[in-house]
Every structure is written in C-alpha cells, then in structure tokens.
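One chain, chain A, appears in both complexes that follow, with chain B as partner in the first and chain C in the second.
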Partner chain A sequence: MRVYTPLEVAGRNIYLREGCYACHSQMIRTLRDEVDRYGPYSLAVESSYDHPQLWGSKRTGPDLARLGNKYSDAWHVTHMNNPRDVVPESVMPAYRWLLRDQLKTEDLGDHLRAMRAVGVPYTDEQIQFAAQDAYGQANPDSPEASGVAERYGEATNIRTFDGRTGPLTDMDALVAYLQMLGTLTDVAHTSETAEVE
Partner chain B sequence: MLADFTRGERTGALVILGTMVVLGLAMAIAGRHDLLGIHGWIVFGISLALTFGAIRQLDLPEPSPERLSEYYDAPTRTGLILTLIWGVVGMGAGFWVAALLAWPEMTFDVSWLSWGRLRPIHTSGVIFGFGGNALIATSLHVLQRTTRARLPDALSPWFVLIGYNLFCIIAASGYLMGLTQSKEYAEPEWYADIWLVVVWVVYFFIYMRTLARRKEPHIYVANWYYMAFILVVAILHIVNNLAVPVSFGSAKSYSLFAGVQDAMTQWWYGHNAVAFFLTAGFLGMMYYYLPKRAGRPIFSYRMSIISFWGITFMYMWAGSHHLHYTALPHWVQTLGMAFSVVLLVPSWASAGNALLTLNGAWHKVRDDAVLRFMALAAIFYGITTFEGSFMAIRAVNSLSHYTDWTVGHVHAGALGWVAMITFGSLYSLVPSMFKRERIYSQKLVEVHFWLALSGTVIYVFAMWNSGVIQGLMWRTYDETGTLSYSFIDSLVAMHPYYIARAFGGLLFLLGALTALFNVIMTIRMPAIGMAPEARGDLPAEPVMQAGE
Partner chain C sequence: MALKERDEFSGQLTTGHEWNGIKELNTPVPKLLWAFLITMALFGLVWTVLMPSWPGINGYFRGLLGADQHQAVQQTLAEANAERAVWADRLATEDLAALQADEAIMNVVRSAGPALFVDNCAACHGPSATGNVGYPNIAEAPMMWGSDPDTVAETIRVGINANHPETRFAQMLAFGKDQMLAGEEISQLADYLVSISAGPALPEDQRLAANDLFLNNCAGCHGEDAAGMVESGAPNLTDTFWTYAGDRSTIRQSIYNGRQGTMPAWEGRLSTAQIRMLALYVLDLRTATP
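The block that comes next holds the complex of A and B.
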C-alpha cells in the first residue's frame, strides 16, 4: 500500500467537501454481481490509510472503489463539469466550480502531518515537499514532477489531469484522487481468496 | 429571559457570554486563512448580540421567590418553537434534495446549492434541529412533572438550549461551506464537536441535579429513557468524533480511526444514534405524553422497564449490520445480525405496550387527532423495528443495502415514528405551556395528521419500490451469464419513484408548516387566567430550592 500523494489528499478532501460519499460507495461487497460489475471485492487493507473511511452507505451512483484509470482524465473533467454531457441520464450535480476554483496547497504539509499523527506513515521529506509535490503531480513537464515519482513510486499518475498546466485547480486534485482509487495495491487482484457468496 | 435569573445567574451568564465572545474572536483570528474564521465570526456575532441583550436586561428586578413554587417552563416554550422552525428547515431541505434527484439541473452552478452539501442540512436539520430541540424541550417538561421538582436553576437550561442551537447553526452553515467530517450524522468538525460535549455535560447535570432533588420517590420510566439518550449519545459522540485537527487555525481534522476500524466505529455510532437519539429519547416522550393524553395508565409498567434494558443492552451490538459482506470480519457481521434480530423483542414490547395502553381509549384516538398522532407513531415504531430486524439479516441485506430501501426504512422511522410522536406531544404540550385554553385550530391538527400520514405512506412505498427494483436490477443475470442491466438502467428506472418521493416529502413538509402556523396562532390567542394549581401542575414543597 502506498500512501496518498498530497494532491490526492487534497482531492479526497474535495470529495468529502462536496459530499460525494453520500451517493457513491467505495466498498465492493463479496457478492458475485458486485465483483462482476465493479471488480474484485474490497479488502480491509485498501482503506487502511483512510481517515475516515469512505465506504459509503448508498449507491445513488455506482461504486467507485476501483474507478482509478478506468476512464480518461478528459472524461472525468467533462463529467464533473456537467455529467449529462457524457451520461445523458445522470442525476449527478454539475460541479462547474471545480475548474474555476484554485486549489489551496500551502497547508498540505500540515494535512500530511495530521495524518501521520493518526497513523499514516508519511516521511519527513514527504511532509516537507507536500505543496511542491502537489504542483509537480499535475505538471509533468515541470522540475517538481520528478520528486513525486521519487517519493511516491513510479506507478503514481503524473499528468495534467484537468488538461491544463500551471496553477492547480480543484479539478486537478479531484481527478487525481479518482484516478488513483483502487490502484494503491494490487493485492485484491492477486489474492487467492476470490471466493464470493 | 434574564428576568428569570438571579443576580448570581446574571453574572454567570455574562461570564459565559464574555468567554464565548473571546473564543469566537480567537477562532476568527486563528482561522483567518480558513473557513474556520467564518465560524469564528458567527460565534463572535451571536455571542456579542446575546451579551448586549443581556446587559440591557441586567438591571431588571430580581425574580420573586414565588417563582420557586412553579415549574420553570420558559426554556421548554422556546424549545418547542425552535423544534418547529428546525423542522421546517430540515424537511424543506429534504424536499429540495429529493427534487434534485429528479431534476438535477436545479443546482444552478452554485456550490452550496449542490446535493452533497444540502443533504447533511436535511439530515442534521431533522435529527438534531427538529428531533434534538424536541427532546430537550419535552425532557425538561417531563423531568419536572415526574419528579415534582423545579429545575435546579434558570441559567443551565438556557445554556443548553442556546448552546445546542448554536451547535446546529455551526453544523448547518459548515455544510454549506463544505465543512464535513463525512461521517454520516456526525458531520460537524472538531470544534463544533467539542462545543457539543460541553453543552451535553451541562444537560446531563441538569437531569442529575433535578433528580437528586426529586419529591417523588420513584423515578418514572420516561426519565430512564431520556437519561439513556443523554448519556449514551455523549459516549457515542465523543468516541466517533475523536480526531486530530490539521492545526488550531484549520477547520479540517483527520479521524483517529481508519478503514475497517473507522467503519465499525462509525456504524456503532450511526446505529446507536438511531437507538438512543431517535428511539430512547422519543420513547421517553411516548411514555409520558401518550398515557397522559389517553387518560390511561401504561398497560404494563414492568414491561416498559424490561424493554428499556433490552433496548439499552442490545442496540449497542447491532451497528455492524450496516457492514454486511464488507471487509469487516464475518463474525462481527454475524454478531450484529444476531443482536439486531433479537432487538425485535424489546422493540415490539414497547410498541405493544403503547398500543395496549390505548385499550379503553380508542374512541379518543378516533376523535382526537393529537392522540391519533401518537397512536400512529407507536404503529410505525412497530413496523419500522420489524423491518429493521428483517433488513439486518445478511441475506436480506445483500439486496437492500446501498439501495433506496434503506432510505425508505429510515423514513418510516423518522416520519412515521419520530416526527409523529413529536407532533402529538407538541400539540398536547403547547396549550398548557403557553397557558392557552386550547390549540388554535383542532381542524388544522386534523389536516396535519392526514398530510403527515399520506406523505409518509407515499414516501415509504415509493422507496420500497425503487429500492427493491434497484437491488434486483443490480443482481439480474441473463442466460449468457452476464449482468442484464447497466448501472444507469437502474437509475433511469428510479425516476418516477424519485418524483413520488419528493411529492410525499412535500406533503409532510406542508404538514409541518401547518403545525408552525397553528402553534403561532395559538400563542397569539389570549392567555387564560387559570391558576396553575387548578391544573394540578405544581412542584411539591416549593420552598426547597437550589443550594439547599
């Protein structure tokens, strides 16, 4: 399990802020139809850095536990901006302000430090470079980008996310978070205990 | 308000308000780069306004010693009005979010009008705003009548009522700004949570101090339920909200628990919020107002005590039924399921006790819409608890979980049980609390009753249908062994039910508005001059008072 990057933490906080958890679960149950629809069922380890968990209790929209890298960044940006542009029947709100609002990054180090206080193993270096890493993850051609791969692993998504380089938007963070979901460990795909009820 | 306070209490009130002004200012300064600052200014503004109000009344003559020969009902009166205001706010938000699911374009590109931010206003508005104020208001009334003792002082009940509503305001305004811990029904952030603990401890001590001075040797069962509500909610609230804030200048915190432990803690909290906030407290209400209105003693007092211990003991274990088939260990799921099923026994004992109490008074149920509200509440309590035990069975839950069935179940309880018992108690309480001869319009109570009943039935049937259809569509396979429906197919199938649900909610909201109007008109009627003793409404040995 790798820890969340600062940009993903920021995106997760936007997911909380907008109340996404009220309509989307992140917990695939050990039932055949859920595994067929969403992928391997969720394991405890996959939410072990989630303070708090976002398992959810209602699926007005589909489960998101394995959403990461299933759709393109551009799809997510369009979908967030107006869901009915890509899914005409959707009842999800249009989150147009995500592309307009600039992401606050200067206190991300404090966020990581607070998460370390409750048990997430962030290193001093990760905390120190939090704001910089957030910028780098959404600006692949910037000098800050290399530090992200170094500190969070080569498998980390380092892309423009909202399609634009330069200053970060809330959309950058949220798409980075969504594109990571279910990709922090592959243990659910390799586990022997794929038995369902 | 300050006219009821002694000199010492007025000083105490000023000290508390002064502290709150300073705390608000400190929050505003420390959180100036954060949304915490806005909450600081809200606390500062409200406390400052209250301080000015208090200073203006500071020189009023001290209350006469004769007040001690009467119960202290002013906080209850205010609490009843706040109950109705929050009810309209919370149910209004509920109607709006229901409509958003049918017509999602109504977000209008305004972040605070989006579904995810309005939904906790609905849930907190009805649970904490409407339900909480109703519980505080009625508990202070029931406590005094059943112990035959006046509240120990005038300051602490006002502190609890105002402090609690400040918590509700902080919670609701926070949601609009996007401040939430994301824990369902425990969304407010760390500073609001700490404040609620302070308020709650004072609330508990009001109860303890009044009971200690009781003139009635026996502690009536309603007080047991109210005390369980206060005590257990304190425990749940503290444990589930343990968190580390990002800084003292930040509204954001990170929960102490993660993943599976957090899920278990959250649903231990979540289900016991149902049990102790929405059940135990309202059972306390039922055990006082229903027999009183019916003019009949409780069918079996012993059964009310046995079911009290049954409910208190067994609910504590039931939370894991929210986590069937998840990453929670299987045996914990089974444990929760077993306790949930057994819970049907004390639940039906309570519902049956209420209905059997009405034996010999069914003609009153027929003629009096106020009593009918309470009778219907007992019926819905029975229906909902049966449904709850049923849905907690793992195999049933595989279909119902994540669907609208759960939403329907919750509303059968919230509309049918909690709101109905509240409205019934409120209607029976308002005339005597405001010293009016009767409620302004019994006909409007009747109208409200039918609006509430039809709204609830439409709502619950819509959600039963949509929930079961959803659950079945998600698990249907065709003959080639592939899933028959995409997720969006199931969403499209929900559309007519979402419209029906919004309509049912609208009827219920109209009922709440009718109640608000009726209560306002009652208060505007001339007061009756009847002396309190004529109504047998006097504390015993009134000379004994605080500090005795």
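The block that comes next holds the complex of A and C.
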C-alpha cells in the first residue's frame, strides 16, 4: 500500500478544512446493498495511513471510499465549483474558492514529517521533495513530474487535475485526493478474506 | 453509633444519622433492578465468549459461534449472484444483438438498468442520459464511437481518454493556442459551423473559403462532409447536438483551445454483465426516444 503523495495530503487537509466528512462517509459497510453500490467493503488496512480516519457516520452525500477514478477530473472541477451545474437536484454547497485559491506548498514537507511521527513510512527523500512533487503531480509535462512516479509508484495519477498547468490551486489538491480514494491498495478487490489471515 | 430506626410513615429503615432534625430513609435497591443488572452482566460475559470480542497481540478472539460479518456479507452476495445468474450469465456471454431482441432479458435491463445508470453514469450524462455541458447526449445524439451494442459496451469498458491501457483516444488539437490557425480563420470556421448546423447558409464566397479551411484542418477527423467519423471518435458537426454548446463563441473556444473530454473506464468497477446491461439500456433509451 502506497502512502499519500504531498498533493494528496494537501487535498486531504482541504477535505478536513471544508468539513466534507460531515456529509460524506469513507466506509463501505459489510452489507449487501453497500457492496453492490459502492464496491468491496472497506478494510481496516485501507485506513492505516489516515490520521485521523475519515470514516464518518453521516451520508447526506454518497460514500466516497472508492470514488477514485470513477468520474473525470473535469467533472469534479465543475461539480465542486457548483454542484448544480452537473447534478441539478444536488444539495451540496458550491466551493468556488477552490479554483481561485493558490495552494500553499512550502509547508508540505512538515505535514509529511508530522505524519511520519505518527507512523506513516515517509522517506527522507519524500519529505525533502514534498513541495516539488506536489507541483509535479499536477503538471505532467514539467520536469518535476518524473520524480512523483519514482517516489510514489507508476500507478499514481499525474494529471492537470483542475484543467490548467502552472501554479497549484486548492482544486488541484482536492481533486488529486478524491481521484486517489480507494486506489492505494487493491487488497479489498483481490482477496476478500485477506484480513482474516 | 445511633440505633437503626424504622420510619413510621414508610416503614423503611433510616440511615441512622440525623442532620438538623432531618433523617434519611435507607430504601434498598428494588429486587427487580438487581435481577436485571445481574442478568445483563452475565449475558455480557456469555456474549463475549460466543461472539468475536477480546483483542490480542496476533488477532482477536473469534467467539464460539464463529460469527463473522465479512463472511456473512460474502454469503449474501453469493446468494444474490446465484439468483441473478439466470440473466447475468446470459448478459455476460451471449451475443448482444440477439439479446436486444429477447423480451425477457430486455425486461430485466429495463428494471435493473435505471439504478445502475443513475449510480454510475447520470453524474455526467444526466438521469435521462440527455447529457450536460461537456458531456454528450447519449439518448438522442449520434454516438461518436458508433452505436452498435458491442461498440457501446466496449466504450463503457475502456473509457475515452481514460487510464485504461486499451482506452479510446481522441484529442481535438488546440488550433488557436498552438498557432495552427489565425484568429480570423477560427472566426470564419465558427461562422461556417454555426451555418451548417443551425443555419442560415453563408454567402457563397464566405462558405467556400471556410470550407477550404475545414477540409485542410478539420476533415481528417470530422470527415469531409463534417458528419463525424466513428474511427476517430469525432462528432458530427452538422446536426444540432453539441457536447460543448453550439453558439459561436463556444465553438471558437473549442477550436482555439481544443477539446479532450474524458470518460472513465468501467472495467474493474462494474462486472461484464453490468457493462453489457448498461449498453443495452442506453440503446433501449435511444429506440424509445422518438
């Protein structure tokens, strides 16, 4: 299981800041209708790098545990900017400032270091290049991009998440986070009983 | 030590203390409550033995009854799959064109398809599949990659510009931003496209000039008659359906910046039977729409 990239950590912090967990859970329960709708039920190991876990217990919106790569980046950007543009009956608030606000990246190394202090296995190199990797992940044609795949694996999404290259916005980080949800390990898909062993 | 004393009104013992002339009754806890507490405590103890409970270093105590929610859900899922197998196996393996004519299968598709569509596809294409800005109308408009059932199922499986290794790939170039066309030429083309889709027709000299531009730059993907090509996934530009709106300024923007829409790949998230059911469902919507 891979760790969160710096951009995803930043996105996760925005998820916390905006209180997304108040309406969205990240926990697929062991019930037939949940597995039918959202995919394999959540395993404990999938939350092992979450400090704190964002399981949640209220679903005004749908569960997000396996949201990663379900919809396109462009859809997420439109939807976050104004949910009614794509889902007319939605009651989710519009988060228009996400596209406007520049993402603060200079302290991302400290965020990774804090995560390491509570047990997430970040390497010194990952911490050192945190800000650079955050930029590279949302700028696939930049020289910084190659380091991201090197340090976090080939399966990492490296795309212009908010549709624009160059400086990062909060939208880049949040969409990068959402598009990763449920994709860090495929243990829930491959072995339904892995956690018992 | 004061003597125990019985209160003359209630008949209960008092605590034996006196505070400024006030004495306190020493009413015993009702027997029923004791019985309840003891039963519940015993039940709790027995339950921790029967059910998964105490954590340990290498796992946890499983309980004597062997209850396991993971196994329970696996079992209900297996039962559900067995129930569905009657039609799911046929959907997954049989020829789609033949299934389209099979009333029994199509009844299943019409009853189970909407839930599947709303949960997975409606976010972009809308609950009635009529599309949204940036997301094509798949209930009415011509399909960009072809509309026979196997092609539609394949599009759902691998997606368009998605992260699937076999994904369909279509990118409209940024003719303005990458300086392949001048601003004036883009305007000419935009006028031309508005005229061939919505009309009215342009003056003949203007039409010919724009048509030249079109043949040199656009026809490779959209076809010489601008009717689109399923080989390149390029849409028909002569009808009134537009993925990104058909007004002049949006068309200019599309030519200037190019377009590269993404449809996610659904293989892995949906089963083969589900993917093929969605293909049949969407095509059924199209035949139902006049």
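What we mean here is this: the second predicted complex is superposed on the first by the 192 of 197 C-alpha atoms of A that agree within 3 Å, B and C clash if a C-alpha of one lies under 4 Å from a C-alpha of the other, contacts with A are read in each partner's own complex, and residues count from 1 in each chain.
Everything that follows uses one rule, which is that a residue touches a chain if its C-beta (ideal position, glycine included) is under 8 Å from a C-beta of that chain, and two chains touch if they have at least 3 such contacts.
Keep in mind that what you see is a predicted model, and the values were worked out from it rather than measured.
A.B. asks: Could you say whether A:Arg37 touches chain B, chain C, both of them, or neither, answering first, second, both or neither?
C.D. replies: both
A.B. asks: Regarding the shared-chain residue A:Cys20, is it in contact with chain B (first), chain C (second), both, or neither?
C.D. replies: Only chain B is touched by A:Cys20; chain C is not.
A.B. asks: Taking the superposition as given, does A:Tyr95 touch the first partner, chain B, the second, chain C, both, or neither?
C.D. replies: first
A.B. asks: Which holds for A:Asn69: it touches chain B only (first), chain C only (second), both, or neither?
C.D. replies: Touch partner of A:Asn69: chain C, not chain B.
A.B. asks: Going by the touch definition up top, name the partner, chain B or chain C, that contacts more of chain A.
C.D. replies: B
A.B. asks: Going by the contact rule set out at the top, does A:Ala188 touch chain B (first), chain C (second), both, or neither?
C.D. replies: neither
A.B. asks: Looking at A:Val87, would you say it contacts chain B, chain C, both, or neither? Reply first, second, both or neither.
C.D. replies: Touch status of A:Val87: both partners.
A.B. asks: Is A:His51 touching anything from chain B or chain C once the two structures are fitted on A? First, second, both or neither.
C.D. replies: Once the two structures are laid over each other on A, A:His51 reaches chain B alone.
A.B. asks: Once the structures are superposed on A, label A:Thr78 by its partner contacts, choosing first (chain B), second (chain C), both or neither.
C.D. replies: second
A.B. asks: Please identify the positions on chain A that touch both chain B and chain C, taking each partner from its own complex.
C.D. replies: 30-31, 36-37, 41, 87
A.B. asks: Would you pull the chain C residues touching chain A in the complex into a rising list?
C.D. replies: Contacts found on chain C: 68-74, 76-77, 80, 119-120, 123-124, 132-135, 162-163, 261-264, 268-269.
A.B. asks: For chain A, which residues are in contact with chain B within the complex?
C.D. replies: Going by the criterion above, the answer is residues 13, 16-23, 25, 27, 29-31, 33-34, 36-37, 41-62, 83-84, 87, 89-97, 107, 110-111, 113-115, 117-120, 197.
A.B. asks: Using the touch rule from the top, collect the residues of chain B that touch chain A in their complex.
C.D. replies: 100-102, 104-105, 107, 109, 111, 114-117, 119-120, 175, 178-184, 243-247, 250, 252-260, 262-263, 266, 322-328, 398, 401-403, 406-407, 470, 474-475, 477, 482-483, 487-488, 491-492, 498
A.B. asks: Mind pulling up the chain A residues that touch chain C in the complex?
C.D. replies: Residues 30-32, 35-37, 39, 41, 66, 69-75, 78-79, 85-87, 157, 189, 192-193, 195-196.
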